[in-house]
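In what follows, chain A forms one complex with chain B and a second complex with chain C.
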Partner chain A sequence: MFFRSIKGLLPALLGVGFFLLMGAACLVALLRYSELHAWLGYLQQPYLWRVVRFSLWQALLSSGISLLIAIPVASCLMHRRFYGRGALLQLFSVSMVVPTIVAILGLVVVYGRSGWLSQFLGIQVPLYGLTGILLAHVFFNMPLAVRLLLQGYDLIPAGQWRQATQLGFTRWTAFRWIEWHYMKKVLPGAFVLIFMLCFSSFAVVLSLGGGPKFSTLEVAIYQALRFDFDLNKASFLALLQVMICSLFALLVYRIAPVNRQDVSLLALTRYPLKDSYWARFADGVALLCVFVLVIPPFVAIFGPIFSPLFFETLQSLALWQAVLVSLQIALPAALVSVLLGICFAVLARFCMGRPYLAFLPNKIEHLGNLILMVPGLVIATGLFLALRDVGWGLPSSYWIVVWVNAVMALPFVLRALMPVMYQQERRFRNVYLSLGIQSWSRWRLEWPLVRVNVAQALGYALLLSLGDMGVIALFGSQGLVSLPLYLFQLIGSYRLAEGSCVAVVLILLCLMLFYGSSRFVGGKVGGVNVKN
Partner chain B sequence: MNTFSFSTLFSAAIVSVGVTFSPLMLAKDTLNVYTYDSFASDWGPGPKIKANFEKTCDCEVNFVALDSSVGILSRVQLEGQSSQADVLLGLDLNLMEAAKKSGLLLEHSVDTSNVTVPGGWSDKIFVPFDQGHFAFIYNSDTLQNPPTSLKDVVDNTNLRVIYQDPRTSTPGLGLLLWMKSVYGEDAADAWARLAGHTVTVTKSWSDAYSMFLKGEADVVLSYTTSPAYHIVVEGETKYRAAMASEGLYPQIEVAAMMKNAPNSVLAQQFMQFILQPGFQSTVATGNWMLPVIELDETLPAAFDSALKPSKNLVLSAKDVAEHRGAWVDEWLNATTR
Partner chain C sequence: MLKINLQYDWERFHANYCVNIKPGMTTLLGGSGEGKSTLLHLLGGYLEGRGELYFHEASLLSLPAYERPISTLFQSDNLFPQLTVWQNVAIGVSPSLSLNREQKEKVSWALEKTQLVDKVKRFPQALSGGQAQRVAIARALVRKKPILLLDEPFSALDPALREEMLYLVNEVTDELGLTTLLISHLPQEACLVGGRVILIEQGEVIAHEPVSVLSQPEPHALFSNYLGVGVSSRSTI
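Showing the complex of A and B:
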């Protein structure tokens, strides 16, 4: 019996095994260049610890604020239906892939010295410093947090909503007794994810920090890898970053309640709760936050769409070539990422039901998240060196870009897939076991129930690969100019206006892909936004 | 429905792979030139240089565009002996020492006696291909009293300054050396004074320059040739380069050929070609830098201000390589005090 189930597990084991093999190869390749005795010296640099302290502080603040705003926003979006809600949710899905320079300029247009706030309202925001960093990080991550929390809402069974309506729950009591219970399941994961994104934030922290006082480890890694070509120091710093983030993740999961999934039914119908002035007021404040923090920079970013230059940009062949290259990278990368994510999920839930393996699922999930702590540049460099040592040169660079992008998207894919996969396991495990339904036949039965989440995972993976800059920049070649790279080329040679137009194209493409993915992979009634 | 969407994705993936690899099959001799992205872009000098050089040889020039001049070097360092690069085009003065140390480069046989960079050119490995100076750019519509020296920039506390991080960007490193050559031992104090009215220090030139264009600063660190772009392409004359009475720090971009160049004959030819009019005539309005030889045709008037640097400050490459780390630390300590 056990061996038969192992056999069914083979594809998943192969997937995770390949992931581990590549990771190990990458690590070995980097460590071959390391001199451990120098590491002690690095540890004694006071600047390093100042950077670490500041990174921790700003990442805690950024992720904390993002989540604090996201909780009421998610609750509001869950309970209210209003014009533009669907569009808002779509916009929320792309905020995190807006290229940093575009987002920075969007913030500058809104909050800057000659920005809208100071021009029209006379308010001077002290943009450079912690404020700017937080504003940018909330812009990037609060929408992401909302989307992750809404996934938590998806797990609430219809029965509980029905009861809440029957008992005349107010929004607050419902939140207190139902919603919070499910949010607690997604919050730790979302917190760690956003924390890590902010901890390793680079250009935002430098540009809006107002000087080298505010810096992150990522800056030092970039410097070591690119300016000094000091592989030793780069791998030391990367490992330090992994360790700090792992410790943090460990701490969060230790404090967080144990993740007990319920044997619950998916919500398919919506039961309205009692409305009140308080509820309206709270929702109003939540939406106001969105309209102050997220919408204005987007408006600034989409500004160029009305300029005649936008249509000229649309006619350039180079733009469409860049779109093609981007798709050539994003589609396979997203596919690989989702397949890999499914491998992880299948393996994790296989362990879940077996007492002697029950300690594993969290570890497996963390393994997938680990990748977020390692800068893409370091992974790419490691792989490059590993492949060079094996004797494969340049022709493989396209595949490195695809692979690294796929792997980088894995944490997001896992966040989208894991909750529903665990839930499926809890609910139907015994049924499947007793009927002897396994592997592919089980997948066929499960597909309609998980496709919404697979679609979301695919959507995130597509967007992340589409927006990637770091990896493709390292492996650039004549034929490999993706849309973000094209954008940077334009801005890098004084063509800011054209660059802004390309940014709009990039974001529109992201929106289309995300929508397409939730529509075609997620099915007609897929997505949180269409459910009623 | 589901099978359909998955198979579509799959076929898209397979087609995409085919498309990506097809350009690698070439019949003619190919010269691989590693350069930075804006040089090889459609609006950069790359395409013209490619066309001009291909006229002189039966070959094909293949530009591999990396993200920055630093990117070129780290790419070949990563590739090591197995690199497919023939020529590296786009390193600069301050990367020369590190590039030499990598041991991957070969001496050239180009006659550099007609090179017009200040002080002449005698390096055995590198051939310069364009030049300019770092300078602070200002908007003459909004800034009535532009700085006339580096000391002005450092000491005028009303002046809002944006520059680039010397740890991550070439102009940033340029400013570091400029400050060092003007202030010497007192550089740390000068940095601390400058930090008082610095808006921000960015990762790259693009970040800094676009924030300046959005009106976030009075001056931004860039090149003396930057105003020429605005005049020639946009017809906009309000952006000017502030001259500095102490002198300006030069930026010279250089090329070198690889020891293990797969096509060393073509690489030699291309190195010679760099100092020919076919190459040099493209750099001014293509790369927005100045040529390094005397050309027959005169440059557009927009370049006039860039042509007359008051004084050329330059630190030796050896000094720079030796002390760069310490100077960066000095900057870091002074600005984070």
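Showing the complex of A and C:
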């Protein structure tokens, strides 16, 4: 019986095995080119410690501020129904995967020296430096934090809201006795995720850092690879980054409570709480933060659509070549990422139902998330070296970019897929077992229930790959110019107006693909409501 | 006196409840899906209905759930798993859990009444089903609301424990002069708690009689369909 199940698991095992093999090949290749005796010398460089200190500081500040704003915003979105709430949630899901370079452009238009804030209110924001980095990180991560916290709200049994209504809880008492209890379970994970994203932030620091004073480890790795081609230093910096991230994650997970759904037999219904002027005021302030921090850069991005230059830019051949390259990278990368995610999910839930393997699902999920600790640039370099060793040199660049984009999107894919896959396993495991339904037959039955999440995963992977400005920056000069790189080159040559138009094309492409993914993979009405 | 004249529509289900209920125990009987829980949810303020709902001549219909003079015990999810037994009871007196001496005494009284004094520091997960429902009853006691709605809260308990709980509810109802509405599928439970019975069919109150109708040798005309043949002998067990 066990071996028959293993046979059905073969594709998933192969997928995860390939992922591990590529990781190992990358690590071995990097270590082969390392000179360990030189590492001690790096440790004594004051520049290194300044970079480490700043990387930690900006990541801590960015994740702290993002979560501080996200908590009241999530609570407000949970309890209030207002016009535009749905649109705001959609915007949040898009903003975390908006191409970094496009968002940076939006931030420059709003907060830059001659930006909207300066023009209309006379307020000068020192955008280049820590402020700019924080603004960009909050722009990206606060919406992500809100979405993660809202997932935490889903853990609250509906029966608790019903009791809260009966007992006359105010928003504050509900937050204190119900919401905070569940937030505590979600916050450490959210904090680690955002911390790691900010710690390994590349394009934001490169564009808004304003100089070596505000450099991070990721940028230092890029400089070591791109300008010095110092593999030894790059390996050292990469390992240092992985170590810091691992230590941080271990520390936070050690103190974090277990995330567990309390049992409730009641279907989710809205139960209103006692409202007050204070609650309305607090919600107003929370929403104002969103409108100030997230909305204006979005509006700014779409500004050039009405200019004549936009139509001129549309006629540029280089633009459409870049669009083609972006699609050639994003489509296979997203597909690989989702397939990998499904392999991880299938393996994790196989372990769920077996007492002797019950400790594994979390570990498997963490394995997929580990990629957040490893800089994409380093994976790309390791792979390039490994493939060069086996005789595939420059022609492998394209596939390296595709693979690295696929694995970098994996944590997001897992986040979208895993909850629903676990839920299906818990609810129907015994039915499937008793009827002997396995592998493809099971997939066919489950598809209507999971397709919305698969579409979401595919959408995220598509957007992340389309907006990638990390790996492509490394391999860009090999005739592989994607839209973000093209945009970066335009900004670098001070063709800002043209760059803005390209940014609009990039964002429209993102929206089209995200919509296409939701519509064609997710289904007409978003598939079957899994909550029912 | 609880005066009910409520209408509620949901898809093809149209309910029209019209009945006056006196203080004491009243058991709501009826088949599955006939609208017993809907009535309790309308009374509790968890569903929005049309019509009139008066208690001692005061209209309750426009009041939110927390302002109605009603405590409801549901089939599940009555307790907060993150709070201790003491906190779960005390939160019924003050949602902020900052209690004065008098309120603390009230909580102690309710815990004594429900024999939970030695369990105050436990969390709901560490309680048996019967103990957990006693905590919910203790909370209903401290809230001192004159109407108590019981939406099959004891259905998951074994028969002996269920009986014990029903005695407790009966005792509390008598002692505090409550208007208690109990949903049940079992006529013998109605016989156990006494008072009156209401029969609900397709969202309407078909009968409202003393509980003695269930133990008559010949089934009451309005109840015969629900009770079926030979049930009168079962209900006297």
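Note that the second predicted complex is superposed on the first by the 397 of 532 C-alpha atoms of A that agree within 3 Å, B and C clash if a C-alpha of one lies under 4 Å from a C-alpha of the other, contacts with A are read in each partner's own complex, and residues count from 1 in each chain.
Here is the rule we use: a residue touches a chain if its C-beta (ideal position, glycine included) is under 8 Å from a C-beta of that chain, and two chains touch if they have at least 3 such contacts.
Owing to the predicted nature of the structure, the values given are computational and were not obtained by experimental measurement.
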Could you tell me if A:Ile178 is touching chain B, chain C, both of them or neither one (first, second, both, neither)? second
Tell me which partner A:Gln163 touches in the superposition: chain B (first), chain C (second), both or neither. second
First (chain B), second (chain C), both or neither: which does A:Ser207 touch? first
Does the superposition put A:Tyr271 against chain B (first), chain C (second), both, or neither? second
Partner chain(s) touched by A:Arg495 [first = chain B, second = chain C, both, neither]: first
Looking at the overlay, does A:Leu251 come into contact with chain B only (first), chain C only (second), both, or neither? neither
Give the label of whichever partner, chain B or chain C, reaches more residues of chain A. B
Could you tell me if A:Arg226 is touching chain B, chain C, both of them or neither one (first, second, both, neither)? first
Just which bits of chain A does chain B share with chain C as contact spots? none
Going by the contact rule at the top, pick out the chain C residues touching chain A in the complex. 44-46, 64-67, 71-72, 74-83, 91-92, 95-97, 143
In their shared complex, at which residues does chain B touch chain A? 1-2, 5-6, 9-10, 12-13, 16-17, 19-21, 23-24, 37-38, 40-44, 62-68, 70-71, 73-75, 77-80, 82, 84, 98, 160, 165, 167-168, 195, 198-207, 209-211, 213-216, 226, 229-230, 233, 288, 329, 331-333, 335-336
Chain B touches which residues of chain A in the complex? 47, 50, 101, 104-105, 108-109, 112-114, 128, 202-203, 206-213, 219-220, 222-223, 225-227, 229, 318, 324, 327-329, 331-332, 335, 381, 384-385, 388, 391, 393-395, 398, 447, 451, 473-474, 476-481, 485, 488-489, 491-496, 499, 520-521, 523
Interface residues, chain A side, partner chain C - complex: 157-160, 162-163, 165-170, 173, 176-178, 181, 262, 264-266, 269, 271-272, 274
